[in-house]
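Each of the next two complexes has subunit A plus one other chain: subunit B in the first, subunit C in the second.
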Partner chain A sequence: MNPYWISLRRGFISQLQHERADILWGIHAFVEPVFVAFVVIMLYRFVGTSSQDYATYVVFGSGFIGVWAMVLSFGGKSIFQERMQGTLELMFLTPVSLFTFSFGKILSSAATGLVSVAAVLAVGKFVLRLPIHIESPGLFLVSLVMTIVTLSVFGLVLASAYMLTRRVAYFMNLMQYMIYVLGGLLFPISVLPFWVRPISYSLSLTWALDAVRVSVSQNAWESSVFWMDAAMVTFLTAVYFVVAVVLYRYIRKIAVRDGKLSVY
Partner chain B sequence: MESVIKTYDISREYIEYPSFFKRIRGEGSRIIVAVDNLNISVHRGELFGFLGPNGAGKTTTIKMLSTLLLPTKGTATILGNDILKAPNEVRKRISVVFGGERGLYWRLSGRDNMRIFAELYGLDSSERMDRIDMLLELVGIADRADSKVETYSKGMKQRLHLARGLVHDPDILFLDEPTLGLDPTIAHELRKTIRNLCTREKKTVFLTTHYMFEADELCDRVAIIHRGTLIANDTPENLKRQFGTVTPVTILLRGVVPQVEHVLTSRKGVHYVESGIQDNTTKLKVGLDQDKVCVEDIVSLLEKTHEIISVEQGSPTLEDVFLELTRS
Partner chain C sequence: MMRTLKFVFRTGIFTYRALFTWINPPDFVVVKLGVPFFLVLTFVLISDYGAALTGQDAQSYINFVVVGNALYVSTFNTLMGPMFFVFNERREGTLELLFSTPVNRPLLNIAKSAIHIGDGIFGIFIVLLYGVTLFGLRMSVLGSLYMIVIAFLSVISMMGFGLLFSGLALYYRQPHPIVSMMLSATMFFCGVTFPVGMLPQSLQYISKAIPLTHGIEAARLAVIEEFSPIPMLLARELIVGALLFCLGSFVLGYFEHLAKKSGKLVFF
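On to the complex of A and B.
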């Protein structure tokens, strides 16, 4: 078997095993997103907005809060934890790629995060009785996969930054909430101040989420917006990917030079 | 004899900065020489003990030899492959087992831990199962293989470490303090397992330990390193013969005699004096260089003021040699 495939698969499975052993993921993937969705929906109701306007926005936005939290707290940090617990250097000695192993881990966290999308969707539709109907189910699935992959690649960039310096941890915690705003998870980014928008547009999550919403609200096959979103996601993912590869190579190099594979 | 590990002036320095900001500015750096021009060679099938006080550079050496850390000078070959030029070749044939509780996935079972590494080393699924079962059996934790590692005792973790290190059937094993914190029975079992790896399976073992009797009992040859420099390298027997100039003598005095060691320490030929009190007797352990002073002199000196119950003369142990050589 191809060593890249082995490590990707192994990373994916190991992460699932770890999640099974740690109930904390339930909080990230279920409690937090449903709670946020609930609060935001109540706020929209309070100001008297029609549920037609905010339903898909909030439901999918807060669903992805769970995916994002999983990528950040489980995927990104798990690589750092490997270093803390002394397994990173053992991993380093195996013939497989640490990069694909990490990618497998983060991908698996992100995929678990889909639980949140389902949870918020179910709560929104059946408890809060919001008007949600998925217009283009096929492309909806495509955009979900797209979102998972692009967030995972983004997570890989964060994971490598995390390995470079522990100080990234402070930043990561902040990042969790910043993305709610910057990625337009709970309200459209068009309401953001002008100077913030370039940051939003450089996040592939912004485009991926837009693709999800377009596929829910209209016949996406004929929507140029959907394909534009998809193109942007592909482009930005490629950029993140290259950054991640470069960072991983660099880390490998300095880790053996400075003896940082096991120091924490 | 074929050298499977050979080092050429291998050296490692660490640069330390007092703080993050000083590191950025490159200020106030301090150089720590962890390993200094080390030259050793280890033969195939040999059990090689690498000894030294805390901070002597043992772990640093293992990390360099296993490609986890670059030397700042010099190099080494492992089974003929240069660690700098062919690190991937080296990694395939070696395994590193660090002592202690790190290096395991605590939340997974022992078997799952094994499975991860078996897969990453590319064992195919049929071969994998049998090998994992065989190794868990070998180290004696097969009955707890499906419990989570966090429920294991230290000894079980250590045995799992060893089993994990054997998963890809390496030719050379680096064991960094494999018996750290184990009870005598388990440590004994583990030593037997390690010994068998050399004699039966012709593996080469490079081992560090702080237990001198263990090194003496187990190792074909030992090297002693002190502050990064090699100070001795021979069989335990030869080392004892060569450096064991100090004879340990145990003297039992009646009564609690505080500060009796002061009478002795200043004497010529007395290398060390340790005293302990038990059951209304005082036990003195004295290291004597018999070329300079004989046991009788010491006994008659003590007899003037104290009642001697017994005198027992031992033969130098590896520990005596170690203490002698690493005294600064």
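On to the complex of A and C.
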């Protein structure tokens, strides 16, 4: 079997086991996005907006806030945690690819985060009776997978950056909220000032979430917007991947050169 | 008295330094200025979008969410502070030493909260400053003076609420998910972005049991210069806060007992 596939699979399973050991994280993944959804829905209702206008933004925005939080909480710190636990040196010594192992862990966190999307979707549709009907179920699933993969690759960039400096931890706190705005999670990015939009367009999450919303609200097979979104997600994910590989190689090089693999 | 005050001040500074020992000024700016900015901006943009769709003027809604979020950001200190000072003592291996000293435990809690209170108030005024400079919030001088009192009393009262949940950090391995859930729940129940009156009656009882709800209501009244109901709201807030502080000290003691009994004080 391909060694990259083995380390990816082991990373995925090890992260699942880690999350299962702490049931609170599971509850967190379920509860927090639902609260966020309620807060945003109540604000939209307070302003008097029709549920048709905000339903897909709130449901999928809040849901993916949960996925994003999981990627940041577990994925972003995955290599750093190996260092904290004293297992990073061992990982470096084994012939297993730490890069694909970490990718497996982040992918696992993001996939677990889908619980958030399911929870908000269920509450939105059945409790709050929001007008959500998935028009293109097949492409909806494709867009969910696409979002998970692109967020995981982005998490891989963060994981490598986190190894460079622990200051990244503070920026992660900032990024958690920054993405809400720049990614247009809870409102369309047309609300943002013109000069901010290029930043939004450089985030694959913006396109991926748009693809999710298009697949829910219309026949995505015939929508050029959906295919444009999918193409942009693919392109940006490839860019993130290259950045992650370059960063990881650089970190590996300086860690060995400076002998600071386990030193913080 | 002086000795107690010195103890409170010294412990407060020490706790804060221990918590942020390796944070430097640029990082502090990111945490203290950047996070609240994007948080409040999210809700300002939602209000703006919603109001544009309904053809209304967004300003009154923007004022509403800015003031709510200003008070809300103090919960980063009031909820996270008490929880993490228990968790950090445990992680650093000093919890057994702390629990074996004959120190007055409620006084120690107050002392450890002291700097978080100052930091929480600072956070509130950062968001209000964003509101005034970027989001069109207008406040009179008298309203601003009221706001200082409201901010101070809200943060003090919310420390009692934070203490109530800090005991959980003694018993559970990771306080992060609890804190995170508590922060979201506080935002929902305290009317940070919408009036509490929109909640079902049964949930409004929960709202009233959280001190911040009254603080936010008072702060909104201060902005629109309706000062007369403010003292009553603040009195309610303080009473609820004091009750929660007593309950919190009791709960902390209970979890300490539980953790010792199950041998989970240091080991998980």
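By our rule, the second predicted complex is superposed on the first by the 261 of 264 C-alpha atoms of A that agree within 3 Å, B and C clash if a C-alpha of one lies under 4 Å from a C-alpha of the other, contacts with A are read in each partner's own complex, and residues count from 1 in each chain.
Heads up, the rule we're going with is that contacts are C-beta pairs under 8 Å (C-beta built on N, C-alpha and C of every residue); 3 or more make two chains touch, one makes a residue touch a chain.
Everything quoted here is computed from the prediction, not taken from an experiment.
Annotation for the three-chain superposition on subunit A: subunit B and subunit C fit side by side.
When the shared chain is aligned, subunit C comes close enough to touch A:Gly48, but subunit B does not.
One of subunit B and subunit C touches more residues of subunit A, and that partner is C.
Of the two partner chains, subunit B is the only one touched by A:Gln85; subunit C is not. In the superposed model, A:Pro137 makes contact with neither subunit B nor subunit C. By the document's definition of touching, of the two partners only subunit C reaches A:Asn173; subunit B does not. Look at A:Phe187: by the touch rule set out above, it reaches subunit C but stays clear of subunit B. After the superposition on chain A, the angle subunit B-subunit A-subunit C between C-alpha centres rounds to 80°, nearest 10.
With chain A used as the common frame, subunit B approaches subunit C to a shortest CA-CA distance of 7 Å.
Overlap of the subunit B and subunit C contact sets on subunit A: residues 22.
Within the complex formed with subunit A, the residues of subunit C that make contact are 22-23, 27, 30-31, 34-35, 38-39, 41-43, 45-54, 56, 61, 64-65, 172-174, 176-178, 180-181, 184-185, 187-188, 192-195, 198-199.
By the touch rule above, subunit B contacts subunit A in their complex via residues 14, 60, 63, 66-70, 88, 91-92, 94-96, 98, 102-108, 112, 116-117, 119-122, 124, 148, 164.
Here subunit A touches subunit C in the complex through residues 22, 24-25, 27-28, 31-32, 35-36, 38-40, 42-50, 53-54, 69, 73, 166-167, 170-171, 173-174, 177-178, 180-181, 186-188, 191-192, going by the rule given at the top. Contact residues of subunit A toward subunit B in the complex are 1, 3, 6-7, 9-10, 14, 17-18, 21-22, 85-87, 89-96, 101, 256-257, 259, 261-262.
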